[in-house]
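In what follows, structures are represented as structure tokens.
What follows is a pair of complexes built around chain A, which joins chain B in one and chain C in the other.
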Partner chain A sequence: MIAYILRSLAQGVLVLLVVAFIAFSMFRFVGDPVANMVGQEASLQDRQELRERLGLERPFPMQFVIFIGNAVQGDFGISYRQARPVSDLMRERLPATLELAMLSALFATVAGVGLGVYAAIRRDGFLANTVMTVSLVGVSLPTFLIGIGLIYIFAVELRWLPSFGRGQTVAIGWWTTGLLTESGLKSLVLPVLTLGFFQLTLIMRLVRSEMLEVMRADFIRFARARGIPERTIEFRHALRNTLIPVVTIAGLQLGSIIAFAIVTETVFQWPGLGSLFVQAVQFADVPVMAAYLVFVATVFVIMNLLVDITYVVLDPRLRGGRTLAK
Partner chain B sequence: MTDTVLSVRDLRVEFHTRRGVLKAIDGVSFDIAKGEVLGVVGESGAGKSVTGSAVIGLIDPPGRIAGGEILLSGQRIDNLPPEQMRKVRGKRIGMIFQDPLTSLNPLYRISEQLIETITTHTDLSPSQARTRAIELLAEVGIPAPDRRIDSYPHEFSGGMRQRVVIALALCAEPELIIADEPTTALDVSVQAQIITLLKRLGREHGTAIMLVTHDMGVIAETADRVAVMYAGRVAEIGPVHDVVRNPLHPYAEGLMGAIPTLAGEEARLVQIPGSMPRLTRIPPGCAFNPRCGYRFGRCTVDRPDPLPWRGHKVACHLYDPASGPHFLGEGRTLAAAEKHEEATA
Partner chain C sequence: MPEETTDHARPVVDTAHGPRTGDVIATPAARLGVLARAWDSDIAFSFRRSPVTIVSAAVALVMILAAVLAPWITPQDPFDAASLNMMDGFTPPGEPNAFTGNVYMFGTDPQGRDMYSAVLHGARVSLVVGLASVAFSLTVGVTLGLVAGYLGGRTEAVIMRVADVQLSFPAILIALLVFGIARGVIPPAQQEQATLFVLIFAIGISNWAQYARTVRATTLVEKSKVYVDAARLIGLKPFVVMVKHVLPNVTGPVLVIATINLALAIIEEATLSFLGAGMPPTQPSLGTLIRSGQQFLFSGEWWILFFPALALVLLALSINLLGDWLRDALNPKLR
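And then the complex of A and B:
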């Protein structure tokens, strides 16, 4: 068990190193940052000084080692555009993105698993078929269109919910939360629905097909032959077996909710990491882009690790270490 | 008979498919007495397993019981509402499936699965159920049951898992156990152990056992009586040694001729020519008539009813006095019929 987690962890570190290298390489290829930072009138000497201050004079491998060393300490340099430490910018934006993503993930998982189980149990029911048809829309419509549609209905026509921003937030230490004010909660509704909808439909369809598969298994038939009530069979025997493959896909999908909230954040002008990244791309703000890239990779590595641990919790066959039969 | 546990009367099971109605079981009748082992044999698709599923009420849609009656200790169970039938399953009828590797839920300890079954059917508390579960494991021959009970299914070998499956089927001391190919997926040496175990349990508890298999060796060793099925019908039913040594029905004769024996002098096994008809296109008259070497006019028109004959029941016109010159009277056997056929040909 411990060895299993350590192995996953080692793989994660390797992935992070590779991503950090790619992120770092961007500094080389996305033009000369100094040209973007100083005005037209800056003298050659000013430029040279800036170059040295940014550490751009050192050899490439040396720069990479320093980059990694700083990154481990949470230091991603200084934003070219805003002339502030990238880590400060990220920290300001992180709560907005994490709250949005966590709520979306919760919404997508709870509703997705629930509806998926329902659609599997009432396979030919009218409601189940309706849900399946609607889910097809969810899978095929692009996120921004769903966002704009929701804004049109609930913000423009019905005027129930705000169409942009986080509303009022409350600061708890460096963390700002929109969960404690009414306007903050209202502002969350549409972005959460938009961001979670695709994942919801995906998880739902996955749960349904896996569940139908499991319900055909021999041990389900045997459980019926033992006279176990149908509800117990569905929720105790079938669901847990269903979740193992679902966790893999859902885990990575939830990672992508956190990492790629970019579109939703843009549509709703959400002050999160995604919009920070979009701005950074527009201005070739390489330190911010690099930091964002490393952040995304970290999210995926953590999600992957959680998925691996969940496997072990769900499936005793992976635990090992116990006495085996002769 | 007061000690009849299972009585199946004229059972019919149909599957409605796009290609038409498939008659998986067509007029099957048999009884199993207390403590008796009835073997059910036949080739794939003969309806052996469907009969077992019908008795325990687990026919998968689109299949359904289209007629007949199933009585368990005199009580009709084929028309029970689903919830009441569920209470019969596991409590009064236990079932054992072919593949012990897939019969157990891989994610739960066998203790959880045993206790779940016991508490479903009895009033025992979980801790009493655990004690009972350990007793059951000991009874089916699992060594150190008090330690092994908390193992997961993957920590047992195939034969041990089948023992656990049997323990699960025994949880509520059922009157009847349906064993559907219980040894097919096991090593030959383990097969013998499982068969011995089943026989012992039937003897000690008076449990009636319906043993579905295509393995005549297993039947010969275990069963008291045997029913030979063909195309959803019972061709012949009788005491096992009698049927194996002197099969009456031409199909049963062919089936027994196809069993390899170590002592046999014949180098070649006898095959039955042709194959079983599709269940959507069973020929009129006797279902076996296209493959039968003894066929005569009546066989392609009249469907033979199972008639008693020397302690067997045979569904073959050769044993019906109404067949005139083709009737195999007392003392005449299939060999005589062969000569008769040759003479008239």
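And then the complex of A and C:
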């Protein structure tokens, strides 16, 4: 088990190094970092000093090592556009994105598992079929159109919920939260629905098909033969065995949550990392782009690791020191 | 690992694809020529059997035709400022304008631009980007997949590892990064003309990995078959074997991925343009139109956003359904 986890850790570090190298190459070769940082009237001498201060005169591998060293400490240089340290910008916007992503993941998992189990138990029922059809249509709609549709219904026509921003936030240390005020909570509803919708349909379909599969297994038939009530079989025997692949897929879906967060944050003008990244792309603000890339890769690697560990916890067969060939 | 299919596991009778020389009894279709034989084939049969597929094929065909013919069938050139009349601005769909009395089927935007013309021209741009980027990722992916599957060894390991890493990142993120880098590299004066090509490259490069994976898997299966050995034995070069013998046998799965990817590429382009990292307002795609229509949603001019959005959904959905059908029709084992 430890070997298994160590190996996925090693793979994760390798992926991070590759991504860091791409980020570093972007920083180094896209545009001239010095020209981007100083004004038009800077003298040649000023430029030379800056080059030396940034370490651009050192050999390339050395620069990469320094970049990694800085990145580990969270230092990604200064945003070209906003002239502020990238780490400050990221830290300001991190809470907004994390709250949005976590709540969306929670919403998608709870509603997705619930609806999936329902659709499996009441197979061919009217409501179950309706849910499945709606989910099919939902998958084909682009995220930004779902967001715009929700804004039109709930913000423009019904005027129930705000259409942009985080509302009032409360600062706890450097963390700002929208969970403690009414306007903050109201502002969260539409973005969370938009962001969670795709994951919800995915998890729901997965749970349904897995559950139908498990319900045909021998141990379910034996459980029925023993006279165990149907509800107990469904939730204690079947659901538990359904959840193993669901955890994997749901965990790995975090990547798409982040990708859709870019879109959702732009639709709702949510002050998070995604909209920061989109602005950086529009203005070719390379340090911000590089930092975001490294951030996303780190999240990916951590999630992969967590999924691997959860797997071991959920599936007792993996515990006996055996490693699982992928 | 892909499943190994041996030749003798397959049914020998294959009359559905037309009789070959040596067939003693000619089926009725054989006497009727190519068209009738196509009508009689497996694929045409499954097409006739599925109403959803017929409807989506019709929708896709109508939209593609309308987009291709846009310059000739639309009443105005929406991006020629001289043909626009500001007095026509904000005309609701189907109602006569308060000042000019002109009626527009899809309404007009604030500059008096006919939304019907704008949507058709926008769909044209969306389709061009979609088709070109699919062609690009198909070329890159199929080439790398063939090479990886046929050569094996270290080449394969490197190509497939890169594909694995790229597949775990969302395509939209990669496309945004590429777009941002291009913004930094291309001088500002040329950016507007270059955008179309940047988009095709960005979307194409973010989707090649799937082709590479599928083609590699199919190549591995094909490589172990006798006809490849035979081709090698008579002294053909690896390149010739790959292109003339292996490649024709991987076209089925590639076609399926390409169709579904076309729908995804159109949505990806719309998303990028919507985010402001895509086509400029002077040469808008459906995504750009949706982006500029969004601001009028709050003031009640819903049609500026609605018709581009509807066109996008219909286009993507019909192509998607066609792709699903093609997958099932080409590989009945999947269902």
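Note that in this section the second predicted complex is superposed on the first by the 305 of 326 C-alpha atoms of A that agree within 3 Å, B and C clash if a C-alpha of one lies under 4 Å from a C-alpha of the other, contacts with A are read in each partner's own complex, and residues count from 1 in each chain.
The criterion applied here is as follows: a contact is a pair of C-beta atoms (placed from the backbone, for glycine too) under 8 Å apart; a residue touches a chain by one contact, two chains touch by 3 or more.
Everything numeric here is computed off the predicted structure, so don't read it as measured data.
Colleague: Quick one: on chain A, after the overlay, do chain B and chain C clash, or do they fit? Just give me the call.
Modeller: With chain A as the common anchor, chain B and chain C both fit in the superposed model.
Colleague: Taking the superposition as given, does A:Tyr152 touch the first partner, chain B, the second, chain C, both, or neither?
Modeller: second
Colleague: Just checking: does A:Leu293 make contact with chain B only, chain C only, both, or neither of them? Give me first, second, both or neither.
Modeller: second
Colleague: Quick check for you: in the superposed arrangement, does A:Val281 touch first (chain B), second (chain C), both or neither?
Modeller: second
Colleague: Of the two partners chain B and chain C, indicate the one touching more residues belonging to chain A.
Modeller: Partner touching more chain A residues in the overlay: C.
Colleague: In degrees, to the nearest 10, note the angle that opens at the C-alpha centre of chain A toward the centres of chain B and chain C.
Modeller: Approximately 80 degrees at the chain A centre.
Colleague: For A:Ile258, select first, second, both or neither according to whether it touches chain B, chain C, the two together, or no partner.
Modeller: second
Colleague: Is A:Phe144 touching the first partner chain B, the second partner chain C, both, or neither of them?
Modeller: Only chain C; A:Phe144 stays clear of chain B.
Colleague: Given the touch rule stated above, what does A:Pro61 touch, chain B (first), chain C (second), both, or neither?
Modeller: Neither partner.
Colleague: Considering only touches as defined above, state whether A:Gly173 meets chain B (first), chain C (second), both or neither.
Modeller: neither
Colleague: Once both complexes sit on top of each other, what is the least C-alpha distance from chain B to chain C, rounded to whole angstrom?
Modeller: Least C-alpha distance after superposition: 18 Å.
Colleague: In their complex, what parts of chain B are in touch with chain A?
Modeller: Per the stated touch rule, the residues are 56, 58, 86-91, 94-95, 97, 99, 102-109, 116-117, 120-121, 151-152, 154-157, 160, 165, 168-169, 171.
Colleague: In the complex formed with chain C, which residues of chain A make contact?
Modeller: 15, 18, 26, 30-31, 140-145, 148, 151-152, 156, 163, 252, 255-256, 258-259, 262-263, 266, 277-278, 280-286, 289, 293, 296, 300
Colleague: Enumerate the contact residues on chain A facing chain B in the complex.
Modeller: Contacts found on chain A: 217-219, 221-230, 232, 236-237, 240-241, 314-317, 322-326.
Colleague: Going by the contact rule at the top, pick out the chain C residues touching chain A in the complex.
Modeller: 165, 168-173, 176-177, 179-181, 183-185, 267, 270-271, 274-277, 290, 294, 297-298, 302, 305, 309, 312-313, 316-317, 320
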